[in-house]
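Structures follow.
What follows is a pair of complexes built around chain A, which joins chain B in one and chain C in the other.
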Partner chain A sequence: MDCYELIDGVALQRKLAIPQKIILETTDGQKCFGELLIVSPVGLAIKIDNLVSSPWFLINIQGNFKLKVQRIANRGKDNYHGFDIMEVHRDTGISSRLNNEEYKVLAMTSDQLIDELTEDLPESVKNIVQERLKTELEKGKIFDALKVGQAIKYQNNNFKPLGRGTEKINLPQKDLRDIVQKCSKTGLPQRELFVQEDQIYDVHGIPFDYQSGGLLLLDVTSVINKERQIKEKELEIYREAIEAVTGGRLILVGRLQLTSYCYDSQPDFELTINVSEEIDRVRTQVANLLRNIKYPEREIFLFTVCISEAVTNALKHAGAGRCRCWVTPDKVMVEIADSGPGINFKDLPKATLMQHFSTTKSLGCGFTIMLKFLDKIVMATDPHGTTLILEKKIGPQKQKSIDDLITTNIRVS
Partner chain B sequence: MPLKIEVRQFAKTRSLILAGVLDYSTTRDFENSTRQLEGFNKLVIDFKEIRFIDSTGIYSLAQAVTRYQEKGIAVEVQNISKPIYEILDILGLVSTFGSKVFIQS
Partner chain C sequence: MLNSKVQISGVTKLVSLEGRIDMSNAEEFEKLLLSDMDRIQNIELDLSNLTFIDSTGVGHLVSVIKKCKQNNILFKLSNVTEGIEQILEIIGVYDILKLLYSSEA
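Then we have the complex of A and B:
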């Protein structure tokens, strides 16, 4: 069947170079999705897979004007249907046919429109203007092709969706107005993230002048989720690598897992450290507890060095820390927690694994000592703080070395 | 426990006699005292009464040693207790500067 027979206005019928996706709304609000194939000032030929019956249909053209159309009963075949234009609704009024501009907007591609609009410009500037407009058009096409969001134009407090085929995002108008107000106030582009139920939206506001501009709403939920997955995977790799390199002595855990590594009983002592002079109090308290169980002096000294390193880190990076200590017949365990910014992922290997002293300042010294002496270090670090659990076994094997250590007269201050 | 620093002078040798702890709370005092020394060609840092040292203290000690060695001044850190020497050794100071600089008691 010849599609040109579907509608009237043969002389001005024009087949679209690229079929345009449109939505036909029935009188009772149902939606049919179609592709506009041919346009004349008085009719449209549309391919519709699931056309429902309706006395007439409304078609919204890019938010610019609305067409009230009626299906021509005896001319359609299969999914191809002809429609008479009954009314054209535009800001300036209603008419029974498309005017020249509306016809061109529907019938011509954007490139053809640019060529036509710039036809009368002087040759010297025509190519420059055409090139610029087409570059902007290409950008728009890329956005359309991505189908990642919705573009909205705002004028005063009215929002008008731009483009077609874009995903509709239902963000509260209040949120959009807030961004628009900021744009108007500053005259500068604004950007904010909004969380709506489980979705995350990246909203960009671009002011054109003090009362109008554009809003670009991007659904970034999948991007953010992917980033989270990558971060978790990254941490998992660090965990496994660090655990392997340290022979299982340094264990990185999440904050929630900490409880399974720590006692929930009353600690043998607990202290909050706010100034560097208090580090010595922690060392003295721990040393006294260990002397009570006849722990070797050398081991006490080395253990207090480890605690001192962890407490010093808390003071240096968080300004304060909390220390809790448990001594049981088989091990001594100290937890040092702070509310600092945490150790950055990329600094973790350097902070924990850097061996040997360097004349350039390194984060690694403290951890080198701890890893050399302790049996286990459990660490949880995130932007809310860092917690370290230091553990040293107190076993018969260790007690054997007392004789070897008796020669040292060092007492921890 | 704070750090006590006594400076002794004998001919072209300066001695810093340290007592107490050399840690995060006292390194600034130590750094200030080493910066004020002038007019000598040998520096002895006596660790006999040092009861505790941490990595911050070790870092400033190493910096002082490096700074004076670069000026051609001989440096000796003497009377280091066994546990402190062990920590310096773990961190590679003894192998970096040599056992003639860090001397165990």
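Then we have the complex of A and C:
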């Protein structure tokens, strides 16, 4: 069909080289998605698949100006509709038709606009300016095509979305203002992560000058979730392998599962260790508790060695450790937690099961001793720290032989 | 936490330890043993009054044993109590001693 018949203003009608996606808002706030095909100063031809009826519509053009339009009832066909421009709302006021600049903004592609605007520049710089502007434009187009983000320009505390990013990110203005303020204060780019309704956003603030700049909002939820899944899978593999090799004695868990292995009652004592001279205080306290219940001296000695190993690891790798101890009629349990960098999963077998004098002097040996004498070790380790729960049954002891299970690998070099 | 008595008679150094060895004093313990290396041929470490050692302490002990071997000094442990012996056994100190000294003994 001949679209040109849809609207008035024939002489100045212009068909867009690339249809522009726009949103029409009805008087009761509903939204219709359309493609702008033809522009004249007094009318628009728009392709709309699901047009609802409304006395008039509002169209927001890139946040710069608003058009109030009315459908021309008898001229539409299929999904193609003609609209009369009733009012043009702009900062400087309202008029009934598009002015020349607005018309150009709508009718021309950005490339055409650049050509037009730079037409009168001297030949010597024209190409350079055009080239520069078009390069900037390409960057913008690439960003527009991204499905995960949104760019916002800020100036004097006003936020204006840039581009036609399909995804609208609704972060609280307060959070955005905080970043903007940091940008303005420091003059440096800022970056922060925000969590909003299960979505995780990576927000970059880039200052342009004292009071304006850009914000880039990226939805990184899927990336982070994927990473979590991989980590969980990894933990699962190591958990099974280590449990099998230690005969079920070393159990790897996630941080959240820790509580189900620990008593939630008040511990018999609690102690934070910051220097190596204090390790003995933990050993002495636990030993005293065990002596009170007549636990054999030899077992007390071995259990305190295990505690020493765990606390020493915390001090060596995190600089401090928090200890809690529970003694019940059937078992003694000591939890040692640190805020260190955690043990990398791929180092776990080596760290827990092998003896290596050549590397960190005692890490491997520490676990060998603990696995030999304890009934159970529960371990959670991640970049926020490592927690060990050491457990020993009290009462008749069953002789267990872990020598068959653990590789003893001594290197003398 | 750790008291030590050092006796040197001729080319033999006898060190008696009393107390505990852990991260807080293991380095000091290693230094104590390694002094006088140039004028002795035997070291005997008497552990009868050592009440505690963990893998950090044993690590430094092994380091001493290796340096003794390098300097042709004969290293000997004596009066090891039951609990300490178990720890030395698990970490493999006796295996190391055997490996280093049995071939020439």
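The rule we apply is simple: the second predicted complex is superposed on the first by the 235 of 413 C-alpha atoms of A that agree within 3 Å, B and C clash if a C-alpha of one lies under 4 Å from a C-alpha of the other, contacts with A are read in each partner's own complex, and residues count from 1 in each chain.
We take it that a residue touches a chain if its C-beta (ideal position, glycine included) is under 8 Å from a C-beta of that chain, and two chains touch if they have at least 3 such contacts.
Quick caveat, the model's predicted, so the values are computed rather than measured.
Of the two partner chains, neither chain B nor chain C is touched by A:I48. Of the two partner chains placed around the shared chain by superposition, chain B and chain C are both touched by A:T312. By the document's definition of touching, both partners, chain B and chain C, reach A:K372.
Look at A:T304: by the touch rule set out above, it reaches both chain B and chain C. Once the two complexes are overlaid on the shared chain, A:R283 sits against chain B and chain C alike. Shared interface residues of chain A (contacting chain B in one complex, chain C in the other): 275-277, 279-280, 283, 298, 301-302, 304-305, 308-309, 312, 315-316, 355, 357, 361, 365-366, 368-369, 372, 408, 410, 412. Considering their complex, residues 275-277, 279-280, 283, 298, 301-302, 304-305, 308-309, 312, 315-316, 355, 357, 361-362, 365-366, 368-369, 372, 408, 410, 412 of chain A touch chain C. Interface of chain A with chain B (complex): residues 275-277, 279-280, 283, 297-298, 301-302, 304-305, 308-309, 312, 315-316, 355-357, 359, 361, 365-366, 368-369, 372, 407-413.
Partner chain A is touched in their complex by these residues of chain C: 1, 20, 22-24, 52-56, 58-60, 62-63, 66, 82-83, 86-87, 90-92, 95-96, 99-100. Residue ranges on chain B touching chain A, taken from their complex, read 1, 20-21, 23-25, 51-56, 58-59, 62-63, 66, 81-84, 86-87, 90-93, 96.
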